[in-house]
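In structure tokens below, several structures.
In what comes next, subunit A is part of two complexes: it sits with subunit B in the first one and with subunit C in the second one.
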Partner chain A sequence: MLTTVIFAALALIAVAAGIVVFRTDSMARATYALAVSFVAVGAMMLQFGLDYIGVVTILMMVMEMAIMAIFMVMFMGMNPALMPMDMVHNKRGSLLIAGGVFVVLAAGALLVPWPARRGAPAVDLTASLGEAIMGNKMLVMLTVSPVLFATLVSAVVLANPRGRYRDYPPPLAAPGDAAGGTDHGGTGSDGGTAPHDHGHHGGGH
Partner chain B sequence: MSGIVQVAPVWAVAAVLLTVLAGVAGAVFEAVVQARSDGRRGGLLAPVAETARLLRQPQRSLLSADVLLWRIGTAALPIIAVLMAAVLPFGSWVIADLPVGLVWFNAMDVMVWAAVWLAGWGPNSAHAMIGGYRFLGLALGYELPLMFALTAPAVAAGSLRMADIVAGQETLWYVAWMPVAFVVFCAAVLAFSLHRPFDAPAGADLGGGVLAEAAGVDRLLLLAGRHMLLAVGSGFAVALFLGGGAGPFLPGWAWFLTKTLVVLGVLLVVRRRLGPLRPDQLMAPAWLVALPAVLVQLAVVAVVAVARG
Partner chain C sequence: MSLPLVLVAAAALFSVGLYGALSQQVVVMVMMGLELMINGVILAAAGFWWFLAPAPDGQVLLLVVIAAMTVEMALGFAVATLLHRSQQTDMTDMAKELSE
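Right, the complex of A and B next:
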């Protein structure tokens, strides 16, 4: 009974926070409303006894939203992220798609003949879930994941002009440059000066 | 040492109090050391006086501030510290003996990312916001080395349960054969509690950064949260690497408390000797030195763990 109540509350929080994502005009609120929604889903997974997956979902989603806040400033040109903005685009199309997907998924959940439980749950649900999903493809997964990770990192590095052309780690500042290099005098040190030095270098490639 | 048992939920109240007190201990120690280095005596009551001052000071309200997100960000730090403490074995007692306690700790330290960014974003102040982004810049540097440093004790114990990790050190403390992971972990504790050299998000060059607009209770919560996170982080350093409550004669809780306070004191002294680090200065040492070093450490631990069966 209590489990059902908690599950329902979490489900409501997840959906309500999901709605807030589109209703708010602040990128920050939308981002963290989405995080709340995912945290509620992670808590539901805890209820299923999937401890590891539940906690990792919370970890990943909170981290992901924080990273999104970085990308908001890094890559959104004139930086609307800092201004109030509308969170929906192509309203009619997306409404149709979202409604359609919801109907299909809900119909599936209601109409599929769910099988009755056979046997007992495994002792370690996380391990058995991993076995069930990956099984004998474990080696492939282990190989693919570092490659995927390296691809992601290099894509971000290459997408950033400074990441592509600037020396890294930055060379130790020359004595004359020391003031600029070690001075903590505000935002200028974040890169306002450095691309200047390497601008010609970069253009030459 | 006997096994670690989960205590009744009522004890959570004691855990909260203890986390606060450990944070206060850190603040008092810091104030005393500061007073001595200034050539003054005392300092014992400085944190108490500061708390009283901040409690009477009104909170600041700013134009177009996102008050909801701001309050969430400031209140979150002490709450995160308490949620971390929930899975930390205090001697032979623990509030929540989660099978994935270590991952829980990791998830909570990631929550600090969100909290500090929100505390920086909320007030609608450029200094605070840059402080919040600085923290994310630092976090990108320290988080991966921290995660791999956490993996080492888990691999050695063959479990993500804090109790198993403590029990796995009965013969030999993990710090003895995982010194690199221990050092990286301690550095990360300083980082996620916004202490030197990782205090650029609250740097004086930013007029206080995320603290710039925080007054009254807001400021108190942020400062208290930093101290509580440092104290709980020290507790995890003890549980993960220094044998938890293991020790002769005294009961487990006494050893655990002693070791935690020693680690806390050492971290507070070490951080006084370090200068502040700009976020972009952290990336190279963190990813080009600490990350490979901790991966080699992990490889050694994994080989030993497999060899032992």
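Right, the complex of A and C next:
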């Protein structure tokens, strides 16, 4: 009974924090609300006995939200907390779709006759997870590893100020060319467009 | 604590995230919506695992979902950086040239 009450409280906190993310004007508060939502879900994992995954979720998400807060401040042209504005489009349609999805999913959760539990959890769940990763589920981890590596490479390539198709190092400026060589390789292979203004011209078209 | 309760909570998280992903204009806010949706998926997967078949192997699925969330965040930030650098914007509505 007590576990149900704690779970319901955590679920309420998670969903309420999720709603706050899209209701608050402050970007920092939105990020922290999302972190609260993740911490609540991590605590629910701990209730299931998933110590390792619960703690990983909490630690990872708190760090991730700290990074996200930096990105929010970095990329937002203005501060909506100081200058309230509606940063949404098609609010009505989105609400309808989200409400419809919730009704369908909740109806499924409540109406489907779920089968009885099969098997019992291991005594030490973390140890059993380690054995699964290193044993019969090793292929999963062998697949996830290159995916994460490819993510690292592609994220660096995408976020690189030079873009995908520029020379490195930048060509040396000709003698007497006062402007050359000072703008991070502006005389690149695509005819000398300035990289910061038209970086997307280099590829994709 | 029962499976339907867990699934309803997960559905609520997923739906709130879906609303955000559909309605927000700022790229980072769209990513927050996607994160909330994956949050709901993690909770539902944990509930299924615990209440239906608590074999050790099921936990690996949760690890995969968490890894997928990490990939989404990393590439999302990279695309946001690229968008800001090339278009000077952080809004999805101003990055439509691929659809034109």
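Basically, the second predicted complex is superposed on the first by the 115 of 205 C-alpha atoms of A that agree within 3 Å, B and C clash if a C-alpha of one lies under 4 Å from a C-alpha of the other, contacts with A are read in each partner's own complex, and residues count from 1 in each chain.
One rule holds in what follows: contacts are C-beta pairs under 8 Å (C-beta built on N, C-alpha and C of every residue); 3 or more make two chains touch, one makes a residue touch a chain.
Bear in mind that the values here come from a model prediction, so they are computed numbers and not experimental data.
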{"item": "More subunit A residues in contact [subunit B versus subunit C]", "value": "C"}
{"item": "Which superposed partner A:Ala35 touches (first subunit B, second subunit C, both, neither)", "value": "first"}
{"item": "Contacts of A:Val56 with subunit B and subunit C, given as first, second, both or neither", "value": "both"}
{"item": "Subunit B versus subunit C as contact partner of A:Val140, first or second or both or neither", "value": "second"}
{"item": "Subunit B versus subunit C as contact partner of A:Arg118, first or second or both or neither", "value": "second"}
{"item": "Interface residues of subunit A shared between complexes with subunit B and subunit C", "value": "52, 56, 67"}
{"item": "List of subunit A residues in touch with subunit B within their complex", "value": "26, 28-29, 32, 35, 51-52, 55-56, 58-59, 62-63, 65-67, 69-70, 73, 168-170, 184-187, 189-191"}
{"item": "Subunit A contact footprint on subunit C (complex, rising order)", "value": "1-20, 22-29, 31-33, 35-36, 39, 42-43, 46-47, 49-57, 59-60, 62-64, 66-67, 70-71, 73-75, 77-82, 84-87, 90, 93"}
{"item": "In the complex, subunit B residues that touch subunit A", "value": "66, 68-69, 72, 98-100, 103-104, 106-107, 110-111, 113-114, 117-118, 121, 130, 133, 136-137, 139-140, 143, 160, 200, 203, 205-206, 276, 278, 280, 283-284, 288"}
{"item": "Partner subunit C, residues of subunit A touching it in the complex", "value": "3-4, 7-8, 11, 14-15, 18-19, 21-22, 30-31, 34, 37-38, 41, 44-45, 47-50, 52-53, 56-57, 60, 64, 67-68, 71-72, 75-77, 87-91, 93-95, 97-99, 101-102, 105-106, 108-110, 114-115, 117-122, 125, 128-129, 131-133, 136-137, 140-141, 144, 147-148, 151-152, 154-156, 158-159, 161, 196, 198-200"}
